[in-house]
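First the structure, which I've put down as structure tokens, then a few questions once you've had a look.
Chains: A, B, C, D, E, F, G and H, in written order; residue numbering restarts at 1 for each.
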Amino acid sequence: MERNLMIAGFGGQGVMTMGKLLSQATCDATDLNVTFFPSYGAAMRGGTSNCYVVISDESIGAPVSDMVDDLVVMNGPSLQKFIGDLKAGGTLFINSSIVKDKIERDDISVVSAPVTEMAIDMGNPRALNIIMLGVYIGYTKAVDEAVILKGIEHKFEKKQKLIPPNIEAFNKGLEIGKSQVK
Amino acid sequence: MEKVYKKTLGVLPDTVSGFCPGCMHGTVHKLIGEVAEDMGKLDKLVRVEGVGCCGLGQFYVSCDETIAAHGRACAVATGIKRSSPDSLVYTYQGDGDLAAIGLAETMSAANRGENISVIFVNNGIYGMTGGQMAPTTLLGMNSTTTPGGRNAEEHGYPMHMCEILNQLTAPTYLVRTSVDTPQNVIKTRKAIKKAFQNQLDEKGFSMVEIVTSCPTNWGLSPLDSLDFLRDKMFAEYPLGVVRDK
Amino acid sequence: MGEQRVFMKGCEAIAEAATRAGCRFFAGYPITPQNEIPEYFARRMPEVGGTFVQGESEVASVNMLYGAASTGIRAMSSSSSTGISLYSEGVSYSASARVPIVYVNVVRGGPGIGAIQPAQQDYFQATKASGNGGFRMIVLAPSTVQECVDMVYEAFDLAARDQNPVLVLTDGVVGTMMEPVVLPPMKTDAELAKLREAYADRAIVGHPLGQQAYCRPGSVGNGQEAVNIEAAKLYDTWDKDIRVENRMTDDAEIIIASYGISARISEVVIRELRKEGVKIGMIRPITVSPFPYQAFEDIDFGRVKGILDVEMSIPAQMKWDVEYAVHGRCPIKECLRSGGQLLTNDQVMAAARELIKEVL
Amino acid sequence: MGKVEINVEACKSCEYCVISCPKKVLAVGDQVNSKGYLYVVAAEPENCIGCAMCAQMCPEAAIEVWK
Amino acid sequence: MGEQRVFMKGCEAIAEAATRAGCRFFAGYPITPQNEIPEYFARRMPEVGGTFVQGESEVASVNMLYGAASTGIRAMSSSSSTGISLYSEGVSYSASARVPIVYVNVVRGGPGIGAIQPAQQDYFQATKASGNGGFRMIVLAPSTVQECVDMVYEAFDLAARDQNPVLVLTDGVVGTMMEPVVLPPMKTDAELAKLREAYADRAIVGHPLGQQAYCRPGSVGNGQEAVNIEAAKLYDTWDKDIRVENRMTDDAEIIIASYGISARISEVVIRELRKEGVKIGMIRPITVSPFPYQAFEDIDFGRVKGILDVEMSIPAQMKWDVEYAVHGRCPIKECLRSGGQLLTNDQVMAAARELIKEVL
Amino acid sequence: MEKVYKKTLGVLPDTVSGFCPGCMHGTVHKLIGEVAEDMGKLDKLVRVEGVGCCGLGQFYVSCDETIAAHGRACAVATGIKRSSPDSLVYTYQGDGDLAAIGLAETMSAANRGENISVIFVNNGIYGMTGGQMAPTTLLGMNSTTTPGGRNAEEHGYPMHMCEILNQLTAPTYLVRTSVDTPQNVIKTRKAIKKAFQNQLDEKGFSMVEIVTSCPTNWGLSPLDSLDFLRDKMFAEYPLGVVRDK
Amino acid sequence: MERNLMIAGFGGQGVMTMGKLLSQATCDATDLNVTFFPSYGAAMRGGTSNCYVVISDESIGAPVSDMVDDLVVMNGPSLQKFIGDLKAGGTLFINSSIVKDKIERDDISVVSAPVTEMAIDMGNPRALNIIMLGVYIGYTKAVDEAVILKGIEHKFEKKQKLIPPNIEAFNKGLEIGKSQVK
Amino acid sequence: MGKVEINVEACKSCEYCVISCPKKVLAVGDQVNSKGYLYVVAAEPENCIGCAMCAQMCPEAAIEVWK
């Protein structure tokens, strides 16, 4: 089974980090195939930035898709730009702190979390992406949560004191994600 | 009340530039537009765009434009100006474009005294490709291809293009400016105007080197990059007229 | 006859023909065996109000050409082999931005710096990949000085019509030999002005606000793909431009496949062998791109027993295109020289005789 | 007496105008535009003298000035 | 599994694999989407006593590479599309002088500056004419990061064996994506010294009088032709080096022809269609030069009803090679994107379904 | 009697050079051979040959040799020297090679301070291709691409490479010499020796510019070309040390 | 009928001029096809220089040949280098002032003329090539002598006073050429 | 007292040696070598002082000197 995800947002919202963490952790702690593909180019110069993660137990074809299973949007412009790339029956994850637009499609599931606010509330405004990763994993169980926890530990190996707050952020997200499973 | 500062027609109305916050490519684009508009020459203006972050300006400027191959703007401009002498032809080039890959084209056009105006945006780095060393990168400055900072033994020294071109006989006007203060913005506008006027007067090759910042690849906020610009870049690249004949 | 004939060197005839076709800008860098082209332009352009620039390199020259042609003027360059490699990027830019440059490759021995003597070793580069990105061009391959003149003259029209680069692929023999030639008429300034006017919208010379012209050798978003689709459509229209000479192929049992200088040598061999009663003919691609595959498809393989591929390249290059069409339906033998070593009538004759012995 | 008008969609919050204003008229606001930038506003418009220092500096040509 | 896997970006994996293969010199010039290759070398070379030089241009870089490789050291460069055009002359020199350079093209949209996003538009340039003179190279086309690693690792051996350039042709997707990869072993200094020793006679490093080494990318008199004949003989030995993947072609009625990134996408489509019972397979050239024509010749055209050529190039390029072998014996349909627009699984699926509908 | 001047082992015995009568490429080839032989370094010597009449020397010299693409000798030498630091690497380049097509490569290698020795033979013309204008062609001098003589407006001015490179920080030794008299021959030999010694001492980039003649393309007899050389060429290209650090 | 000729000698012996004059004159004054091909490259840098002229009433194939009908050698090295390119039954024209070597082949005709001496004697040392052209035409009648006379007039159009001595030189050669016809 | 030996096959008659000899020892001879050059000879060998000025100048390394 192949599952593919696109994550999109402003340059500063940690979109790439989120995708890389998910995919790196999956590589390290599972036998699954996984690809991470950053859409490059426009990325650096402001505007939206996005990346793709594909996880599969078979070999992976294109690491990109215009028919993704899951779409994470961290800001309004990303929603507008990419909503059409979400397949019918797919799941949209929204940073509801910023994305206020009404969702016009009714053939998809929507999972909302005010990750910007939550991160600020946690005193860790840059952690919005980790919270969102929690939401995503909590809702989809794309990989086991332990995989991500290991991944966080690995990522902050050299900055140990960042591990607890990020795990906290991830767990906060997890809860929300799980709670929205219908 | 009267409008004392308006957005120039030299950039497209209702269009936001593609540059990063605080990027001075925006400032320079604006100034070129203002000067050409002032001179009533927008309809004769031909931009020969180098390859670099200036490429983000291609959907922003409102004048005829061609994109030169990376480094070859002065050669392309030579072809254009010689075939269309009535056009007001300027190249817009970054430091990688003008001083690395395009060094021979820049110097040879200058040496021929081609009747063109060169706008040279020196931000000490390859902006577009993500922060590699440029010929003008300062010693000690980090870049993605000089981890640990540029060092003289391995990477050589920052190149001073105005001074190098000043070894050639033909160039008419060589000046180094910046856009870090309103005063310097005004000076740069004047320099660009002079470069354009020289061309209209058939005086030959002019180059305005504008020392700028690249907040993104310098890894600094726009305001911090201003400090770096003044403290470090100006020390290596002193502003002023190098030649005016 | 006689009164209109002038005796000219291939390179000089090329430059004069270009001038008469309206070329008013030439940029180039010296390289043997085509130095007489820039040298001729250096003398000739001032006489007609045109520009000659000796570029500081081939890279500079092709980019000057790109700039000049983007203003709508007729512009040209020339070089040889290793110099043409340095044109790759500029030609690719011109194809992408649809700038109608015309250029000439007077081929010498390769690869690398090779030898300054004539060869036909740039066939693949000329016909398949003159730069990155998979663009195509019309490539004309003259085999006499007269054809050089005629094709260069026409190249400007083709380039303008398609707003696409055109390459004239010749070699050091045709480029440096002298032979009688009849020159085409000089286009008048009025004619030229009219030709330039037709593309004034696209000319990078300055336009009133709102009417700007952009010359874009690349694009973001969907832009470049759209450009490529557009270009592919253009290439599809070129069937009509395919040119090929079928010489005595009607009853031929042996066919020589050859172009350019090799073809004119082969021609003599055919003449001699015909005198002996051998049923031999030639298919000579004149446009080597687009290649006249159909001419080879149309061969009656019931009658034709063998093909002799004659070219000054080792390994063979055009042979692939011939094979593409022939696909094993008859043997294809090679008669090759390379690296600046010239084919002679006798060598081709010998190879032809050998093939005849084998297959007839 | 002067007046500035800021094109909020064009502003990228570099603050060059803010630090260049001799009268401290300008400040980063608390609203983001559609690109996500906290755009600059005339916090103390009454102090504006229309000197256009801010506009000179603006890389985005986002400021127009009246006097 | 799992324990040896590292999660790496294609470009970085390429650089690490090269380092492990013994590459001790890299010269290159920044260009998207392969900046991570020079950047990685900038960090990595000092660790292993190697050299990284940021050339002032692609032209300078490829010539640095030529110089470095001529000393017998393992040396590499990389660039992308428009930058690769600027390598033309240097690559041609290397082929002529038989200098074993290795280089990588991380293809982006073209022609011209094109688009910085991925494409497969340099196929013709890579396989037919990477410079003037009609030389050939082995060109490897990986479709995964793992294959990038394996092929770059091997490229140095092939280059050394043949004393000829080798090109690894990949694209911006494979170059910039991350995926799990198992890295090959690091060659020891002793191994490398031995490898270098094998060609010490030819190394341009200084020799006692009477034993001089000359690196000649051209020659006068008969010299260059002899070089070309020698090279042609080398090329003829490459049948053994042809690599191709036949995936489920045994019973296939539809065959996808595809390479590199397009092939891995096609693979998924085949998997899905097979689940539906469609008899579809793929022929994937792994060496795109020499091209596995035989694999296509060997198709049972009694059974196979159609071929789908899948590539990220408009107009199609590899299709020409497929046609060369198929010669009309079954229809060949195209599924193309270009200019930086990416193929997706769904697009290939849709094209495959359409072909199935038409021919089955 | 003792042999006080012998033919150097640095050129092949029993081989006649391919140069024209009076061509100073011959002299320079001889001097390089003599210096390397003197220093006991013939077996470490690597010649990176530019493209020009120096190419006629390829069957004449007796040391390891590679032919660089036209203009790219400094890039090739960079690759060689960095990969084989024990080799004594020199480039041999004409004025077209070094100052036109190779300008960027020459200057960038100089700017990096590559530890190589550049032998630059400035004869003011493209010799090999039959007398086209070089960047160093004198004003008024005829060439096949400047009929009527080089004129400043159209073709620009002669380029002074020593002085231009002197604008860069890295180079160690920049000198201009000639071989028109026995005394100057001796000076040039010393200059080449110094350039080689600098390399052995890892002092970085040295360039010896040798102002020479091209009797064939100047259209003068060897002896007349000596006069032209002294009267006209030395006036534009004054001999002497430009930098020695 | 096609007739091809190779002319070889030192750089300064006017080899190219001889070939060009013959071919240009043939173009101007006849309807024949004619090609002139200078072998370039080695030419400038001393050593031997050579060129080919082909004259034919049909279209001309290669303008070069390694089986020429006629070979003119102006110096010794040229003889050594090119004698093998002369076809059996062909004619060798020798500048006997300089070329002293014995001719080893007996399947060819040899026409000798001491053109260097003759030119010096005429007080016009550079005219050795024109004399040789006379010899060639006189012997072969490759084209009518009037063709060459016109060609000489044309060539020296702007230096009229050079016409008579060159015509004289040509005629001297003609005589020798004719006299050697067997 | 000195002595020069001239490699006649290498000499191209440029006369650089001739004009450089302080003792006017050398002169262009009346024989051509196989390349057609009138090579230089020691016309007045007895005047030679072995200073090697001629050899220094010779582009063809055609002169060797004894002293």
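The working rule: contacts are C-beta pairs under 8 Å (C-beta built on N, C-alpha and C of every residue); 3 or more make two chains touch, one makes a residue touch a chain.
No experiment lies behind these values; they were computed from the predicted model shown.
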Touching chain sets, computed without subunit F: one piece
Required steps from subunit A to subunit G (each step between touching chains, minimum): 3
Length of the line joining the C-alpha centres of subunit A and subunit B, rounded to whole Å: 40
Inter-chain centre distance, subunit D versus subunit G - centres from mean C-alpha coordinates, in Å: 86
Subunit G, residues touching no fewer than two other chains: 41, 46-47
Multi-chain contact residues (two or more partners), subunit E: 32, 56-57, 59, 82, 89, 93, 97, 112-113, 115, 217-218, 220
Where subunit D touches two or more other chains, by residue: 12, 35, 37
Touching residues on subunit B, where the partner in the complex is subunit D: 1-8, 11, 16-17, 19-27, 30, 179, 181-182, 185-186, 215, 222-223, 226
Partner subunit A, residues of subunit D touching it in the complex: 12, 32, 34-37
Of subunit C, residues touching subunit E in the complex: 59, 81-82, 84-86, 88-89, 92-97, 109-115, 121-125, 128-136, 217-220, 222-229, 231-232, 235, 313-315, 317, 320, 323-324, 327, 337-341
Residue numbers on subunit E that touch subunit F, as the complex places them: 24-25, 27, 51, 53, 55-57, 59-61, 63-71, 73, 75, 89-90, 93, 97, 203-210, 212-218
Residues of subunit B defined as touching subunit E within the complex: 51, 67, 69-71, 96, 100-101, 103, 126, 128-130, 132-133, 135, 144-147, 155
